[in-house]
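You will see chain A twice below: alongside chain B first, and alongside chain C after that.
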Partner chain A sequence: MDFVQNFPFISIILSLFSGPLSSVLSGKWAKRVNTAVIVVIGFLSAATLGFVISTGQAYVYTMGHFPAPWGNEIRVGVLEAAMALFFCVIMFLSMLGGIREREEQIEESKQNLYYVMVDLLLCSLLALVYTNDLFTAYVFVEINTISACGLIMIRQNGRTIEAATRYMIMSLLGSGLLLLGICFLYDLTGHLLMSNIKEQVGILAATGSYHIPLVVALGLMSVGLAIKSALYPFHAWLPDAYGYSTLSSAAILSSLVSKGYIFLLIKIFYRVIGFEIVKESKVIHVLFVFGIIGMIMGSVSAIKEDDIRRMIAFSSVAQIGYIYMGFGLGTAEGVIASIYHVVSHSATKSLLFVAASGLTDASGKSPRYRDLTGAAYRNRLAGVAFTVGSLSMVGMPIFSGFISKLLFARAAIGHHYKMLPTLIALAISVVLNAVYFMKTVIRIYTPVPADMEIAAGRTVPAGEQPAKSAALVCFIVLNLLLGLSSEPIINLIRSGLEMFG
Partner chain B sequence: MDGINLLHNYGEAVAMILFGIGFSNLLLQKNLIKKIIGLNIMDTATYLFLALKGYIEGRKAPVVVNGVQSVEAYINPIPSGLVLTGIVVSVSVTALMLALTIRLYHRYHTLDLDEISTLLKKEGK
Partner chain C sequence: MSKKVPQEQYEKTFSYKFKQWLDGTKDPFLDTVEMKRQKPFCEEAGKAERRKQDRERIVRRVYDLEKNAELRIFQRIYRVLAVAFCVFLVVMLLLAVSWLPTFGEADKPVNNEVSARYIENGLQETGAVNIVTGMILDYRAFDTLGESHVLFIATCTVLILLRLDRKEDQETYGANDRLHEPKNDVILQTAAKILVPPIFIFGIYVILAGHLGPGGGFSGGAVIGAGLILYLNAFGFAKTERFFTARTYRRMSFCALACYSLAKSYSFYTGANHIESIIPLGTPGAILSSGLILILNICVGVVVAGTMYTFYVMFRKGGY
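Let's turn to the complex of A and B:
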């Protein structure tokens, strides 16, 4: 066995232990440990990715001394390693962009606790990405939920505590359903390791026995994870949680936490149940319908919003709708489009949050539209970054959002009854996206009229917050990279998906 | 046919009914404490289901006593292990929910989540 094969395990353990370690450190040292851990794990994931690409096949890593089907194991393929690397990059940039806000908004004595939460969040995301055991996945889903709740409520005001409570309630409903689904599946198959469950499910499907319990288990797990990742009717907690928490939290929550659950759902589809069986069940039609409703309704809510951060949060609801619509198509192309959209949306949404905070910095911290007039002239870099993010969301060519919309449209073509709804929903959604994002872009590039006074508006040079500026530049580059060189990334996702099952 | 199955598996049926009660309480109750009680009923129902699935008629708990090592003597220990793990998880989320509830109560002197939302809107922040 090569030494590189230990890296996924080392990454999980490293982030897991840095959490408790940070709880006894001062805020400053906890921050350094956190940055170091994210960077190291990023490099480890990159090495793992290089290794699995060179061998061209996924490998299984046994945890402890018991072999399958009794022991616990992690399984690493191209898709997993690439996701781990991508999560590290986004987390690093989100943390970098929000340094100033964290220092201002979190009490001095609680600074180190924030990093405990981030370390544990990273650990749970990595575990969700790598694990091959369904019950382990459930436990890390809960760890993910608890640390995300901590990230929301660490900025102490009434709004965030209420948002954290609503988030917990919704999440607990979701994890209750997920747990019940896992119990059903364990009851039917007698296994907890994903590959073993799939074997048994294949036998059950071939003989046609226990058809209804199998569909019920699949439905419970899908709905549970859909609730947790804020698919349309379950999104009530989302705008408050993203809109009022501290900047890094909002960026991490929107771009990573919900994506961890979505990745687990893909895993359940491909590795636990088997995509052929998922396709034949009615569950994907439900996801398709709610995805499409979410695409439209999320954007409609965003148009009505007057607060720029809440607007970006509502736009997340629409984007999550896209992802579920891709699953709902029930083709490999649809899932590839969804995974690409996970990547593109993560990169764009965290960019938008950081850029929006740059704009509000230049407008006396006010997120209201009226006060943002001309903000792009007062903070030029944030203005450019927000424009890039908006154009990507709307789906302009050369930005990453265009590629994902193209992939969705291509995946839908030829589908005999889902083609028309998908294309119509895409078209409507693009127009709605354009309405609210372009409205904001025009607003921030409108010079302040002479008779209008912007409260505390001031010019913010790019050098004032070097960390935020650096993060914005990296985000812009990342977005262009995803948009301009999409072909290798799509090929990577395709090959990863092939060795995923 | 279906009716007989239901009669044989009455324990599982009870577990599912309890799950439904807990789930709807957690979703629909306005009072935060009642929500948390719903959460606990929901989780406990899942554990009941798991415990029932691990139980095999006429066998003992999987603790080796009197030197009996035969597999046939004991019930399936894995569901019990899962229940233990699940209990740990639900204890920690319950503690977190109660802590959040205390925070909200100190601020707004009510346990009604909708009322808290109205108060927040009035605050206008």
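Let's turn to the complex of A and C:
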């Protein structure tokens, strides 16, 4: 066994260990430990990715002396390693972009607890990505949920406490449904390990026995994870949670937490139930319908919003809708488009949050539209970054959003009855995206009229917050990279998905 | 034939005091125990009025129900839909359960090679007489590692929410934590004096015997935590803070979790790389047996006890 194969396990243990360690350190040292851990895990994941690509096949890593199905194990393929690397990059940049906000908005004595939350959140994401065991996945879903609550409410004001309460109620409902689904599956198959469950489910499906509980289990798990990742009718917790929490939290929540659950759902579809059986059940039609409604309703809510951060948050609802619509198509192409959209949306959404905070810095911390007039002239880098993010969201070529929309359209073509609704929804959604994002871009590039006074508006040079500027530049580069050289990434996703089965 | 005792001497005997207490003429605890009748809850007239106004203002300004037709309709159908959703969920789950394999049937899918190996080989492979402990701390130790961190992160979240870090808050609320209960309650203190040592010993026993019989870190830790809470209630913070403060808790839980992570990393690493583990399993049934399980149980116990105590303190005073 190569030493590289230990890296996923080392990354999980490293991030798990750094959580309790941060709780005994001061805020400053906890921050250093956190940065070091993210960077080290990023490199470890990159090495793992290189190894898996070179061998061309996934491998399982036994956690302990007992082989599966008796012990726990993790499984590493191209898609898993790529996701781990990508999550580390986004988390690093989100933490980098929000340093100033964290210092201002979190009490001095609670700084280290913030890093405890981030470390354990990273650990739970890695475990969700790598695990080959459904119950392990559930345990780390719990860690993920609690740490996300902590990330929301650590900026202590009434709004965030309320947002955290909402998030907790909705998210626990989702966890409960997921757990019920896992219990059903265990009762039907007698296994918790993904590969063994799939084998047993295959037998059950072939003989046709226990059809109803199987569909109910699949439905419970899908709905549970849909609630946790804010699919349209379950999105009530989202705008407050993203809109009022501190900047790094908002960026991490929108681009990593919800994506971790989506990745788990993909795993359940491919590695637990088997995509053929998922396709035959009616569950994906439900996901498809709600995905499409979400694409439109999320954008409509975003248009009505007057607060730039809440607008970006509502735009997330629409983008999550895209991802579920891709699952709903029920083809491998659709799932590839969804995974690409997970990547592209994570990169763009965290960019938008950081850029929006740069714009509000230049407008006296006010997120209102009126006060943002001309903000791009006062903070040029943030203006450019926000424009890049907006164009990517709308789906302009050369940016990442264009590729994912193209992939969705391509996946829909030829589908005998879902083609038309998908294409129409895509078209409407793009127009709606353009309405609210371009409205904002035009607003920030409108010079302040002579008769209008922006309270506390000031010019912010790029050197004032070097960390945030660096994060913005990296985000822009990442976005262009995803948009311009999408082919290798799509191939990576495709080969990863083939390894999944 | 009983001897007539003079009245003075009789008044000193226990039976006379008992009779007095029975008649209700004298309460022996009257001056020794601080007693305070709990005040019935009554709201001042102005406060109730203000609360009412606040609620009206929320409806008027925040929700703006008169103009906001969407919200008005939503609020109307919300309750109906909520009940309908719950009924739907309950009915669907009950129906689905009725389709599951029958409970207790011999050829249930759950009775497969997985549970067979746990039951048949659990003792030889893990060295733990209690196969449940063997399962959670050896076969599936990764899950339990995650689970103990769930407890840890839950405490951290409660600390974020409830810990009072500003000096003036600590002075106002910290000193007043006994506003509603008596201090130095003799009954409670006597009971605690008698009960706390056996509770601690029992908790330690449950943790240490986790691999030999029913018990383990989670249950034993909960017992010790309950003992700590009882002791705190009887004797107050001044006494508990001599040996247990926030710093103690942080260091203790860090040491326990670090020990757990390191121990398990070793066994994961050796297991995955097919290296023989140097940890002996010992004789099943002896206290020092079953490899790492004893150490892991102690770690889990420490974390659980600290977590329970910290939850209680945070809800009561907001810091210690």
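Here, the second predicted complex is superposed on the first by the 501 of 501 C-alpha atoms of A that agree within 3 Å, B and C clash if a C-alpha of one lies under 4 Å from a C-alpha of the other, contacts with A are read in each partner's own complex, and residues count from 1 in each chain.
What we mean here is this: a residue touches a chain if its C-beta (ideal position, glycine included) is under 8 Å from a C-beta of that chain, and two chains touch if they have at least 3 such contacts.
Here the structure is a predicted model, which means the values were calculated and not measured.
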*Answer with first, second, both or neither: which of chain B and chain C does A:F135 touch in the superposed model?*
both
*Which of the two, chain B or chain C, is in touch with more residues of chain A?*
C
*Please work out whether A:V388 is in contact with chain B alone, chain C alone, both, or neither, and reply first, second, both or neither.*
neither
*Which of the two partners, first being chain B and second being chain C, lies in contact with A:L180: first, second, both, or neither?*
both
*Should A:T189 be classified as contacting the first partner (chain B), the second (chain C), both, or neither?*
second
*Based on the superposed arrangement, let me know which partner A:I169 touches: chain B (first), chain C (second), both, or neither?*
first
*Examine A:M153 and indicate which partner it touches, taking first as chain B and second as chain C; both and neither are also allowed.*
both
_By the touch definition at the top of the document, which applies to A:C474: first (chain B), second (chain C), both, or neither?_
neither
_Just checking: does A:I212 make contact with chain B only, chain C only, both, or neither of them? Give me first, second, both or neither._
second
*Using the superposition described at the top, list the residues of chain A that contact chain B and also contact chain C.*
135, 139, 142, 146, 149, 153, 161, 180, 186-187
*Can you check the complex and tell me which residues of chain B touch chain A?*
19, 22-23, 26-27, 32, 35, 39, 42-43, 46, 49-50, 53, 78-79, 82, 85-86, 89, 92-93, 96-97, 100-101, 103-104, 107-108, 113, 116-117, 119-120, 123, 125
*For the complex, which residues does chain A have touching chain B?*
135, 138-139, 142, 145-146, 149, 153, 157-159, 161-162, 164-166, 168-169, 172-173, 176-177, 179-180, 183, 186-187, 192
*For chain C, which residues count as touching chain A in their complex?*
92-93, 95-97, 99-101, 108-115, 117-118, 125, 138-143, 145-147, 149-150, 152-154, 156-157, 159-161, 163, 165-166, 250-251, 253-254, 257-258, 261, 264-265, 267-274, 277
*asked:* If we count contacts the way the header does, which residues on chain A are in touch with chain C in the complex?
replied: 1, 5-6, 9, 13, 16-17, 19-21, 23-24, 61-66, 69-72, 107-110, 113, 116-117, 120, 123, 127, 133, 135-136, 139-140, 142-143, 146-147, 149-150, 153-154, 156, 161, 180, 184, 186-191, 200, 210, 212-213, 216
